[in-house]
């Protein structure tokens, strides 16, 4: 029997555990593979820090948030590269790797794949900003969690005749803002792909107020108003050494209150969007992706990413998957804009 | 300005109100249409029983379950046909109809369309069994509600070392059972498309027990065990005069207990699956479908159904949409089966 | 250091695990006790089937439904009595017992206590029908789960102009029905303590309909209409050998439809009411009860039950606790009745 | 028939609408009263800005968050006082007032009552900091919402080996922090009543980490670390002209990271705690309080506040109700502290 290694890297995401469970069940039940799980992403691979993954160890995982394997931001390319990874895999008698990760991890997987390492990627980001897949798991849960929170904000806004502002995640793309905003009936959605001005945002707020509504604004953390240079980085660096986003909601609270004269209150939803039990949608998607990764391995389809297309799970070359980020296209924003104000 | 009439018919479904809101906002905000809403489905059309639908009247609808227009099982074809519908539309100065309905209603819409009536269908069923669309709105909510309920059943099953059986909806297709079962980590999923025997079901239950688990079975109401003739119809006729499904869970409780010797407890989830606030997924899908219906009308695309394809909303001919029911294909069941036992 | 044994018996209940965690943390952190957990209730005590309970083993338990110790219906009095329990405790070097259970288990604890066994009871029932405590943990979760389900039923009832009937648990008392019915805005609540006639129930249904509402009926499984002899027992015996309740909702569906002419649809909520993650209210209550049990032990207060009184946790003699069942008093029903129809 | 006026003032709170519904149903169904609802708190009283409240207008209110009457911070004592209120009541033919409000509003009600105005108070605050009542409605919903959010934070903390910090509301009292923290299994709870030092908080965080846990800290917005002078007021003034709380979580993020060397991430839960559908517990409590207010009126018991005591609803003199704030007593904190670290 051959052995596959699974690792989960980058920001965590509801559904990661369901991928692990789906892969292990698919490999063990068909008698094709046994599994080791590398702890804390690529750092576990490089240090041969792993645990066996059996039917017993994946029990009950489909509904568990987070990742039982832990995660880290370690980049295998800059930490030893392919030779180090190959050496580790040999020590563990691992035939191939299933790497559950975001853009960075999939890019690393691609480079390792070009060095002959057998690797299959599973796309993972709550931001839904990966190309070559309709949806990434975790996104649906993030949108649902944000929507439920925004539904709560709406009732308090209406009681106090306030404008409520909800800041959601989205480092490079406004997908969570777009979907949660549409679902919650927002009067304005502000995303990085479409740099509307603060004056435009204020106009939407006033229009909603003039129709007797308590205005509701949903803003992605990386939104940059027209005429400004960069996103709002109020708080140090993150684990990658990148400036940390989060807090533009509070800035908008002041600015929109100033521009409209309406009392504004912001809530920054933050990490609740990436934690907790996945939605049924994400559990099914993640389970199927994990199973598909093993199916690809058993066919010798290495160097690919498993992908969601319509109702199907398919595979695409890693190279195709990691080109451009998948951002909100103009027509989707114009569609939503018709609901604003 | 032209006028569109909207009606909602057949079994209700989370997201219907979001369709209505999406359509009205798209038509009014673009200055193209005003709207009337027909009450209680086609019966409202035939009796000119309608209300004006304004921006004000669709306020807050995206998250409201049920349908503010009411619904009925009236079939316009057998209740006056095209001439009656045309007469009603003329009285109300209605240019075209948006019919939000299931298989029956879309079939009626097709026939009316062939008589020259301007009609656009919006597919609506929690069962997800319509062709020519990836998903129907309401399905995601039904699956999520069922999954949360089944998660609850699991903990009590484990405490008591019982086999828990959850019966979910699905008149013709096992989609809800398949997805909720996968999401909840069921040890057996029983659906009408795949008539496994009771002995096979019992074997999965025993296999789970032998691994120390509290077995969990998810069954679609229309499942027929191998060797039996028809679904289980324990309770009279429904509004269509069809035998009512619902209750096979209780029958399985006895039969699986007999076959396995394990104490079994069934829960028939019933109508909670079609009520309540829609998930964010369904709100977005339904809103976009409602907007797309108006877009189709404004382009003169009549006789079509709006449809979800990948991440897009598109249109298909009504004729194509209502051919065969969309049931669970064999490969999807085989994929899930790998997780059983 | 002394040792306490913990067991959980009878029907499971959200919050049992939080009791276990609270007790273990309180005992270990104060350096007073270590713990063993007996598996499957009194049967584990009698067979010395136990596991050590450490800080590590209670990790994360406050939010986990069910009981990690398992449960059974074994009655220690009829299975060896005090001598057998004493012998087991000596073998395990257990100084005292914390018994988490319902009426039967607390009655057994009392008898054992009178034989000199050091035992402290923790009241546990979703039915809230124990005397000498304001609330039992698990009740709040059951009511919340039932209320959310009934909220869902309401929207589908309104769309179809149907009367929706929700059957909830309550073997001897109508507390779940009373609270979930009030919370959900039911037009009639039917409980065993107050045997209103079917004609009265039908009158409330018709009154709601006449005001333009979709009637909503909440019925406790043990409700017996005036003029009938016994509850409805459609399905065999339970683990205790008692006739199983559950199903009167379906009977009412027929009877109320007949009496009112309104289409009725019943849902029997069943076991979802006793499973799943506890509400925050129940987690806090259960944690505090577990801690209080250890506090009582450390003071040598044996033969008592821990109890919730206002905002306090206190102790009462087991003898006082298990006298009469705590059923819905007349004034609470009359209060609710003002909301009917 | 006599007429009662209802007003809702101060910060909104889940369950306010259920109070209004309970009062109107109790008054109308007994044929004793009809009702007007004053808009936006005391400002509606003073300007005779009211709407009639009928059975129809309170339909469906038990589960609706916010307040349909709107609210404001207007203080009747400083805005005309008793004479102005009396004049307004006479113009509207209102016999007595039901004032649903927090500390300030109840204090005003007391003063008005001493001037001979017939007024009954209903205590309302998510903070649970009012004396003379076991619980205030809205508190349970706030705790439940916070607990669900913190459950989500926990899984992402564990995946990333981070310390997660959740800031909850509580202007004067740490009740929400205490209950949500206990329910979620926090390793440290920081409240204004108990000014533990940052070093103590850091010690708890390190202790949890040393046991292999991802530390979880719950902090009330008004917590002041030992040795500091005042709460953290990062953002201007609120509607009362008081400095706005909210944001200490972000400050702790830096400080605890510095003190412990563990990566920390804060989430400020904010307004989601006061919005949205009330829990079943709060719906029942609020409905009963509304009904009890009318019962008190019909008995001529003016100048009282309705109050929750154990399982009963009773009345207390307004004077008794508004003395001291109900803060977390030492024994409750010491009880919780046993679970820390």
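So that you can tell them apart, the chains are marked A, B, C and D in the order they are listed, and the count of residues begins at 1 in each.
One rule holds in what follows: a contact is a pair of C-beta atoms (placed from the backbone, for glycine too) under 8 Å apart; a residue touches a chain by one contact, two chains touch by 3 or more.
Each chain and its UniProt protein: A, B, C, D = ATP-dependent 6-phosphofructokinase.
Owing to the predicted nature of the structure, the values given are computational and were not obtained by experimental measurement.
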Chain whose mean Cα position lies farthest from chain C: A
Interchain centroid distance [CA atoms averaged], chain B/chain C, Å: 35
Between chain B and chain A, distance of the C-alpha-averaged centres to the nearest whole Å: 29
Centre-of-Cα separation between chain D and chain B, whole angstrom: 40
Residue list for chain D, restricted to those that touch at least two other chains: 151
Full enumeration of touching chain pairs: A-B, A-D, B-C, C-D
Complex contact set, residues of chain B against chain A: 21-22, 25-26, 29-30, 55-56, 59-60, 62-63, 134-135, 140, 143-144, 146-147, 151, 179-180, 182-185, 211, 213, 277, 279-281, 283-284, 287-288, 291, 309-311, 335, 338-339
Contact set on chain A toward chain D in their complex: 8, 11-12, 14, 16, 40, 64-67, 70-71, 145, 148-149, 151-161, 164, 235, 239, 250, 263, 265-272, 274-276
